[in-house]
Amino acid sequence: MGVLGGIPLSGFLAVSAILFTMGALGVLIRRNAIIIFMSVELMLNAANLAFVAFARAYNVLNGQLFVFFVMTVSAAEVAVGLALIVAIFRSKHSIDVDQMSSLKG
Amino acid sequence: MNLTLILFYVLAVAAVATATGLLLSRNSVYAALFLVLNFATVAIFYLLLGAPFIALVQVTVYAGAIMVLFLFVIMLLGAEKLPRGQVLPWQRPLAIGLAALLLVEAGFLLYQRLQTTAILAAPGAELNTTATLQTLGMALFNQYLLPFEVTSILLLVAMIGAIVLTKQVKGEQA
Amino acid sequence: MNFALILEWLIKAIVLVLLLLGGFAYLTLYERKALARIQMRVGPNRAGPWGILQPIADAVKLIFKEELMPAQADKLLFFLAPVVTLVPALVITAVVPWGPTLHVFGRDITLYIADINVGVLYIMSVASIAVYGIVLAGWSSNNKYAMMGGLRSTAQMISYEIALGLSFVGVILLAGSASMTEIVTAQKSAWFVLLQPVGTVIFLIATLAEVNRAPFDMPEAEQELTAGYHSEYSGMKFALLFMAEYDKMIAICSIAATLFFGGYREFWFLSNTILSVDRTPWLGPIYIFIKIFVLLFGMIWVRATFPRIRYDRLMAFGWKVMLPLSLALIFITATFILLAQQLNNNLLLAGIPVVSLLVGLAAIVLVNRMLRRKEYARA
Amino acid sequence: MDTLFSLVPLIVFLPVLGLLINIAFGGKMGEKAIGTVASAASGLAFVVSVLLGVALWAGGGAEHVVPLAEWIRIGTLNIPWTFRVDTLSVTMMLVVSGVGTLIHIYAIGYMHEDVRFKNDVGRYARFFVFLNLFIAMMMILVSGDSYLMLFVGWEGVGLCSFLLIGFWYEMDTLGRPSWANSNAAKKAMIANRIGDFGFLLAAFTMFWAFGSLQFGEVFGKASQIAAATPGVILFITLFLLVGVAGKSAQIPLYVWLPDAMAGPTPVSALIHAATMVTAGVYLVARSWPLYSLVPNAQFIVALVGAVTALFAATIAAGQYDIKKVLAYSTISQLGFMVAAVGMGAYVAGMFHLITHAFFKALLFLSAGSVILGMERGHHHLPHHEPEAGHTEELFDPGDMRNMGGLRKQMPVTFWLYIFGTLALAGIFPFAGFWSKDEILLDAARKFPAIYILLTIAAFLTAFYMGRQIWMVFYGKPRHAAAEHAQESPKVMTVPLMVLAALSLLGGLLNFPGIDTLTNWLGHTIEAAEGEVALPAWLAVSWGGFNPWTALISLGLALLAIYISWLIYGRKPLENGQKDPLKQPFGFIFTALERKWYVDEIYAAVILNPYVAISRFLADVIDWRFWHDWFHEKVIAGTYNFVSKTVLDLRIDQQFIDAIANGLGNLTRRVSGSLRRLQNGFVRSYALAVLFGVVIILGYLLLK
């Protein structure tokens, strides 16, 4: 596997950091609940990239397994989250998070 | 400057570009598609890092299942676009500023560690992380058996939660 | 990574794509002919002898047709959707081995494009991508019927993908590898259809749903949705969608042949003769072609025979029958493999088909009873 | 093969799973579903047992110890929860789960009707929860690798026995409101407690002498200790015998078993005939390395068993309740087994344990079928609405004096009963013939006195079983209910047919000359046969079979059945007629009817003084002295003074309240100002989180 040959690990980490920051930014500045949700996925994904990169660097499998678990968790999260969004849409007829600022449904 | 490095830079630019697309697109269908592309590029990163299993699972689970679910919900709700308007005017500049700060910190961290730790400068010698299914499976079902089982319970709970949340109460209108 | 290797890959890829495109054209003819025979008609017979020029005539007609685009459509995605649909159908066959290694011009030529150790997973990934084209086509048309078709296919494909993936697991367990070539090699002594009869049936049913063929052609049910996701498509874009559907059929059949019917290996009565691929390697592509041909006929036959399933029943069938059944199948397979390993007796593997057929039979009986009870309850 | 052995915890956890399902969902599931879940749990345990047996067989019978978890570690006492898989424990597992599953299936049908006759449908699920709990506990008992683990199961099955005997705790066996059933349950519990006391003393001594309770270590050191201090082994074995007497209903602790028939019939069959009561036999067989070292103890065990066998057999001949007869018969047969394992004939004892599980379960379940048939007959009688002022005559469906001629109404049950009877009476070629003769032969070779006792008991066995058959199934119906009795449904009779087949074929397990069971158990029990000079006629044998002893017992059994026919069969009882034996035997037969007055003697000697002392302690010492005077006056008075005047007025109101109020006011003011941060916009909160992240990361970087 000489593929990695010339790429420094820091390159992957930099990409991971940028993606993470953009995901965080997405959560903060978008109002659409679904896009906020997708930004969260982007953040998880960035973390996954860092995991796999470190796994490669330290020559251990654990990083890949963590990614596996992160994926499962995010799948569960998406299922529940989307169900929540659908439920909220039913009562508010909107998915703007800024309209969900009261505790009363 | 060899072929792989060029590939890496192209992919990195693609990843950042698609993430930007997600951040900026007004239409949530386009946002979702940008995210799918982003996942695909990250999957290729995984291939470069010698993790074909994770790469393919990434495509299957994220692109094939999760994002389809997102699209499904977007189309089902017919909520592609939101009307313009800003309730929290100070939120956006503050967020961008903080994010920039975070990025600077991350860059500083990378730079600093680059100075002190050798391992970050170049990945270790030729490694054998070509995780075949067998080795991954052995690790998963021996070392990580408990987390694995817990995950299955988590998925079950999520499934039940999703069903309960979206179930229509009898007599209630959609 | 030398130049010759890249050239070899390139040639193989181009040959494969050409084969699929040509295969698509003649598959339409094959289907029309076969359907006609089943329905006591003659079928296409004007263009060329026995109608063999008919596909070319169709192609010419479609190329010169005017392309319409709905005014409110999402232009970019409307344009991209057919492409997104076609590409997975073409690339999915990359891991299917067409024959053993050949020795030509002093080189070892392998008859597959890639042999990755997670080949089966690759198929799963590409199959899961395939849904995008349809859902985007449906959405971008900005048409209620098309949208409904797209959404239906999303739900349907996601549901049946699970049973599909689980039906792979039995094969992986038996072969001890997820690489397609190793799966073929593992079938040297017995095709997996013998060890996994129920798994084969589950696979075939699930793939019918995956490619939206009758009786699972919900997304394009003419009577309810006019033509589903491709209602608004015409001309070459329509041809691409059409091509994708038929290429998917070919791909699916080649995968089925590889996973369950011995792949490019010879038929059992030809083993140890001069016609076995071990002695005459170039026969491999011919064998797999025969198998694909027969399996395709099966799909056409099913289309000609079965009525379309109601949508709620389709989903119920996927989740309540296929999924538990395939889970039970994995359990049975794993148990017997373990037993065989522990007791050092490979004959115990024969328990898999026996027990799984019993379970499958029980499932059929149960479903039958359940349906009948519902029928009575309604009457 | 080790993978198969690691399945062994499932034999405990599958029944536990079944009972958890029934606890959680039993209220919502239908009766069939409840029964199916419970039966499946038990049936799967049987499958696992079979797999273990196969694995053991493939591995040449070598024992396996499968650790599961560490349980107790105090000082040098280290008791892990380990499973012991050897031929002995697997044999027991197969019997427990196999017979248990059949009884589960039977109980689906039986309890369906029982809960309706007793007007409490809600208890259906509870019954199956208890049954599964019992299976789990029994499995712990037979699979445990230490005396303490065995004791856990021992207590657990005792608990299940208690729960199930008192299943209908607020009524008596006839359904009248009374505490009779719960008293029976308590009696069983207390009698067992006395036995457990002996067991515990034995276990403590064992730990003192051997420093461990693990089977392996104890048996390994046994001969060494026996050479040094022989008294210790004698002490241990005799106190174990006390435990055995409690659990396996031997003299003098047997009195609880007949009363235990208050439980539903499947319980009588499962717990009080086939499995739990044989735990004592298992214990002696398991402890064979200890018993083999002390011949004196062996003789005492054998004597207790033999006397019990004879004693209970005599009582059985004088009973009228169909289940009581079987109960005393069970005690008698347990006596046979205990005598066998006591003599060192462990294989013969285990063999009889297995065959007895088959045919006694069959007999009990058939008796249950008879009783339900009578209940159904009673139900169909026209007197559903009793006239005013006329109390309905009390009807006992289990009283044999009410039965008669049932073979016409219940033909299937009749044949099943015949199979069970022939097996129990030891008629060739039924299972009981082979196993009983093995015991008799061993007795004849080792202790002639015991041989004579057991032979008389065997004769009586055939007699009272014959008496039962004639009274129940022949003659004319002596009650209207018997005339209208109805056959039981398939779900009850089919398991019985399986048991009947096993009762017929069970002898093949250790068929003379082939000796499957002997060889199988030989992997675990290697008791050396002492070389004794034998008379010629006893020396002939194939395996454990000697034609002479077999002929004697077979002849006696046939004679006994003939005699019973002369007395009960030739001239059937008329309605209200007294037992024909009453005339010639007079006082003795009355004594038999009253069970030799043992319960009365116990009451006079132990119970009444005990109750008197308890009452004195409770009334005078506890209530008048401690409660009325000490508690009310001294403690309560002081407490009231301290709490009211000192604590409440001074400390609480003036000091603590002030602090609390001050804190409350402070919190209210602070939170009033912080409230504005809580603006309800999720994104702002996320922003706050990011702010925190940036700050913390910055701190870590610049530190």
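By letter and in written order, the chains are A, B, C and D; residue numbering begins at 1 in each of them.
Going forward, contacts are C-beta pairs under 8 Å (C-beta built on N, C-alpha and C of every residue); 3 or more make two chains touch, one makes a residue touch a chain.
Small disclaimer: the values here were computed from a predicted structure and weren't measured.
Visitor: Measuring between Cα centroids, what's the chain most distant from subunit C?
Guide: D
Visitor: Where the centre of all protein Cα atoms falls, which chain's Cα centre is nearest to that point?
Guide: Minimum centroid-to-centroid distance belongs to D.
Visitor: Return the distance between the CA-based centres of subunit A and subunit C, expressed in whole Å.
Guide: Centre-to-centre distance between subunit A and subunit C: 33 Å.
Visitor: So the centre of each chain is just the mean of its C-alpha atoms; given that, what is the distance between subunit B and subunit D in Å?
Guide: That pair's centroid distance is 59 Å.
Visitor: Between subunit B and subunit C, what's the gap in Å when you average each chain's C-alpha atoms?
Guide: 29
Visitor: Multi-chain contacts only, two chains or more: what residues does subunit D have there?
Guide: Answer for subunit D, listing residues that touch two or more other chains: 681, 683, 687, 690.
Visitor: Among all residues of subunit B, which ones touch two or more of the remaining chains?
Guide: If we look for residues of subunit B contacting two or more partner chains, we find 53, 57, 65, 69, 76, 87-88, 91, 95, 98-99, 102.
Visitor: Note the residues in subunit A that touch 2 or more other chains, in rising order.
Guide: 24, 28-29, 31, 98 - these are the residues of subunit A that touch more than one other chain.
Visitor: Every pair of chains that touch: which are they?
Guide: In this structure, the chains touch in these pairs: A-B, A-D, B-C, B-D, C-D.
Visitor: Which residues of subunit B touch subunit A in their complex?
Guide: Within the complex, subunit B touches subunit A at residues 1-2, 4-5, 8, 12, 15-16, 19-20, 22-23, 28, 31-32, 35, 38-39, 42, 45-46, 48-51, 53-54, 57-58, 61-62, 65-66, 69-70, 73-74, 76-77, 79, 82, 87-88, 91-92, 95-96, 98-99, 102-103, 106-107, 110, 114, 119-124, 126-131, 135-136, 139-140, 144, 147, 151, 154-155, 157-159, 161-163, 165-166, 174.
Visitor: Residues of subunit A touching subunit B in their complex?
Guide: Per the touch definition, subunit A meets subunit B at residues 1-15, 17-26, 28-32, 34-35, 37-39, 41-42, 45, 48-49, 52-53, 55-62, 64-65, 67-69, 71-80, 82-87, 89-90, 94-96, 98.
Visitor: Can you tell me which positions in subunit A touch subunit D when the two form their complex?
Guide: So the residues of subunit A touching subunit D come out as 24, 27-29, 31, 36, 97-98, 100-103.
Visitor: Residues of subunit C touching subunit D in their complex?
Guide: 338, 342-343
Visitor: Provide the residue numbers of subunit D that touch subunit A in the complex, in ascending order.
Guide: The contact residues of subunit D facing subunit A are 679-683, 686-687, 690.
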